[in-house]
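We just call them A, B, C and D in the order they show up, numbering each chain from 1.
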Amino acid sequence: MIRMVLNGCNGKMGKVISEMAKASTNISIVAGIDKNSSGLTYPCYNHINECEDEIDVILDFSRPDALDALCQYSKAKNIPIVFCTTGYTEKQLSKIHSLSEDIAVFHSANMSIGINIINNMLRSISNMLYKDFDIEIIEKHHNQKVDAPSGTALLLANTIKDSIEDETIFNNGRNGLHKRERNEIGIHAIRGGNIIGDHEIIFAGKGECIEIKHTAISREVFAIGALKACEYIYGKEKGLYSMDDVVNTSL
Amino acid sequence: MIRMVLNGCNGKMGKVISEMAKASTNISIVAGIDKNSSGLTYPCYNHINECEDEIDVILDFSRPDALDALCQYSKAKNIPIVFCTTGYTEKQLSKIHSLSEDIAVFHSANMSIGINIINNMLRSISNMLYKDFDIEIIEKHHNQKVDAPSGTALLLANTIKDSIEDETIFNNGRNGLHKRERNEIGIHAIRGGNIIGDHEIIFAGKGECIEIKHTAISREVFAIGALKACEYIYGKEKGLYSMDDVVNTSL
Amino acid sequence: MIRMVLNGCNGKMGKVISEMAKASTNISIVAGIDKNSSGLTYPCYNHINECEDEIDVILDFSRPDALDALCQYSKAKNIPIVFCTTGYTEKQLSKIHSLSEDIAVFHSANMSIGINIINNMLRSISNMLYKDFDIEIIEKHHNQKVDAPSGTALLLANTIKDSIEDETIFNNGRNGLHKRERNEIGIHAIRGGNIIGDHEIIFAGKGECIEIKHTAISREVFAIGALKACEYIYGKEKGLYSMDDVVNTSL
Amino acid sequence: MIRMVLNGCNGKMGKVISEMAKASTNISIVAGIDKNSSGLTYPCYNHINECEDEIDVILDFSRPDALDALCQYSKAKNIPIVFCTTGYTEKQLSKIHSLSEDIAVFHSANMSIGINIINNMLRSISNMLYKDFDIEIIEKHHNQKVDAPSGTALLLANTIKDSIEDETIFNNGRNGLHKRERNEIGIHAIRGGNIIGDHEIIFAGKGECIEIKHTAISREVFAIGALKACEYIYGKEKGLYSMDDVVNTSL
């Protein structure tokens, strides 16, 4: 059993993961970190530093401001760590990167297996399709989402861009108020109701279209990815890992 | 049999209509107007003024610059006329409107039955849904289309706007680079390959979405609408008619 | 404030409704009925008969076997009742119908506003479209669903059938192993993962398609409908009411 | 320039190919074979045997009964041949296979690049996804199509089946009238109007769905594939080739 400590164990995602971990045969939560310890089935500390347990991996689903303490602790104890928190600044992201020079660090823009499989497919087909197909991305999220396009839409667009040999000018969110340029990838952000998260890549060619679509049905999907990430990073050497590695191993 | 003269009979749409009219039991093309008369099964004149035949209705699928001659001729002979030409200027549109004070005139932003049925549904549900649902429109067309959003997308958006009792600020082509405002309708124009024409209206609410989508499969659909328009306007009194009237009669 | 008693208050749906009712300005839960009373913010009884409170409406989200007690109680006290329980037998359904001869009874095959708005649209367009369009229905649900096609798919198909003037032979789940007959409506049931519930009606015609789609994102949507039903039936005379009435009043 | 002879040059597809070939810088049609030679810009023979021209490749878009003559001719002259005709019997298919022991033969169930790219993706992801996702296929075609499911849907389903390590029971056209079995792939055939051809593969998992969709917009798409096939097989050694090879080379 992989012994895991869950930072942010009583948050929205923390609860989903705690529920799932119960069913897991590979991972058990030995302790959680959260201000609020109500209704937990495992010991809970206020701060990561209070955790003296024997642990194999740290899973973080909390807030960006928890980063410094997590870096210190994981580096000092040399424990692989999985960052699932979002909204990091550039500065914080580079801190995560440098941490990976000392220990095993896992970080991904999107924790779902499905998105990362799609990202993988895009890498293998974009350069070929690009010659004969126009590429556009549509993403849909709830009306409270503050950022747009979504980080995942940008992840996918960048994968396509990096896979295409000739240069592509990005146009994030072509609003269609001009004629389409050959070398642009439109990204369109739809916002409404409480849509959890859809992402669709359209390849429109001469006489045919290919569409690849991902639909998030529930938060479960990110918990499943997070647990897979913990299993993947367990026992790994120092370095920066992502869901992309997880998907590629399984393929 | 309704005797029809087809202006622009050898153009892309003219040919489709000629083909269809052969099968029609209600309408027969007695003459066509076109510079090029090759491969026609009916008499063809260079200019509408040369047409001396007994006709019941004029169908125009040509160019905006043909408008003046058509107005003069139809008014002088008091023959109902159906305008399917697109790309008219505001000035030309108002000319069409004033013509309708003297004779029966038919004009629509989109000639397909399907779009007009959807337009009709929007009129009946928008005000109710608007209270609890966010509304966004996605339209898809080929990469050579110069205007965006499509005239049809604007038609649908205006129908929604006019059906909603409180004021709506339009945001044609929300490019998603800002948080969604409650009272805006996003219109997103996708351009790629040779997509004929898709239009989708999304009502995204709390825990559910309603999507209404129209897909044009071939140019046939506009020919069918044009012939229905000819049947509709045949024998009508002076006035301005549209596909909306056709749909409402059938409902 | 409408005073409501919630039968099955600690079930999956009961919890969602309790949560929503807190935010409601029109409805308050004065008592709940459930074997398990843990974590409730209002009094809870084991059996409806123990409830002596002043109540205006009963909302039932429990099991079919609770029907008899609910009928007796609501009839004796002449309290309007909303049945949201599913899986009733024909016999039980007719019992609900006869109850409506004495008091106000609310019952619908699907409690979401969206599905009932779509059902309403189908009623108004089906007979017109039927002449020129083929009609097929696709429904998608999680892989644990035992019945197929879904009750909602049958509700929609029956609405279409009843709206069409000439006779339609139903073919629930055309599996496509034969050529399409003109007068059949195919119903296709997709089952996979934990899809909550999608329903799509396709009108496929000459050169164009119209698609009307409903997607359930979360159970919330049924709770919203149930509370709207309670508001609707409050103070109504005896009779049988459904979401269809709610939608029509708002339209 | 590759010198091509087109068998069935005046059929529906023959005309599309003739039109496209005019624009091609790599392929020119030196002769066509057809009963009807009207409106052609190149010499036309009644029978392949009359063709004495210097040719590099034969493209066949005709009828199954033309097979024997084509096999004889291509084998005798050792000219690579591309079979795009559909509706072959098992016996005829094996004849095509044995021909490939003597000369270069090209044959595919579907000639579009898009479908073959999707087929390729399925090969690489199916075995991984199969463990956690349910797989269903939806195909849509016009209401005159006699066979169902479409040959392309079966092609895709077989690719998935062959990519999955453990055994899968096929259920072509699960009509949803039973609970979903874990090891079945449902294929659903929608028929309506004049839909040209859509194919969609759904991977439905825990909390997420992946959908891969192909839409045929016009017959052009098959002509493009046929011309690419001619370029591919030109100068190849004896053997059996398919669109799969074309796609893999480009990838």
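Structure notes:
As a working rule, a residue touches a chain if its C-beta (ideal position, glycine included) is under 8 Å from a C-beta of that chain, and two chains touch if they have at least 3 such contacts.
Not measured: the values here are computed from a predicted model.
The chain with its Cα centre farthest from the Cα centre of chain B is A.
Between the interfaces A-D and A-C, more contacting C-beta pairs are found at A-D. Once the centre of each chain is set as its mean CA position, chain A and chain B turn out to be 46 Å apart. Centroid to centroid, with C-alpha atoms defining each point, chain A and chain C lie 37 Å apart. For the pair chain A and chain D, the distance between mean C-alpha positions equals 38 Å.
Under the contact definition stated at the top, the residues of chain D that touch 2 or more other chains are 193-195, 203, 205-209, 217-218, 220.
If the chains shown are joined wherever they touch, the resulting network links each chain directly to all the rest. Interface residues of chain C, counted against chain D in their complex, comprise 133-136, 138-140, 143, 145-146, 148-149, 172-180, 186-195, 202-209.
By the touch criterion given at the top, residues 193-196, 217-218, 220 of chain A touch chain C in their complex.
Those residues of chain C that touch chain B in the complex are listed here as 112-114, 117-118, 121, 124-125, 128-129, 132, 203, 205-222, 224, 247, 250-251.
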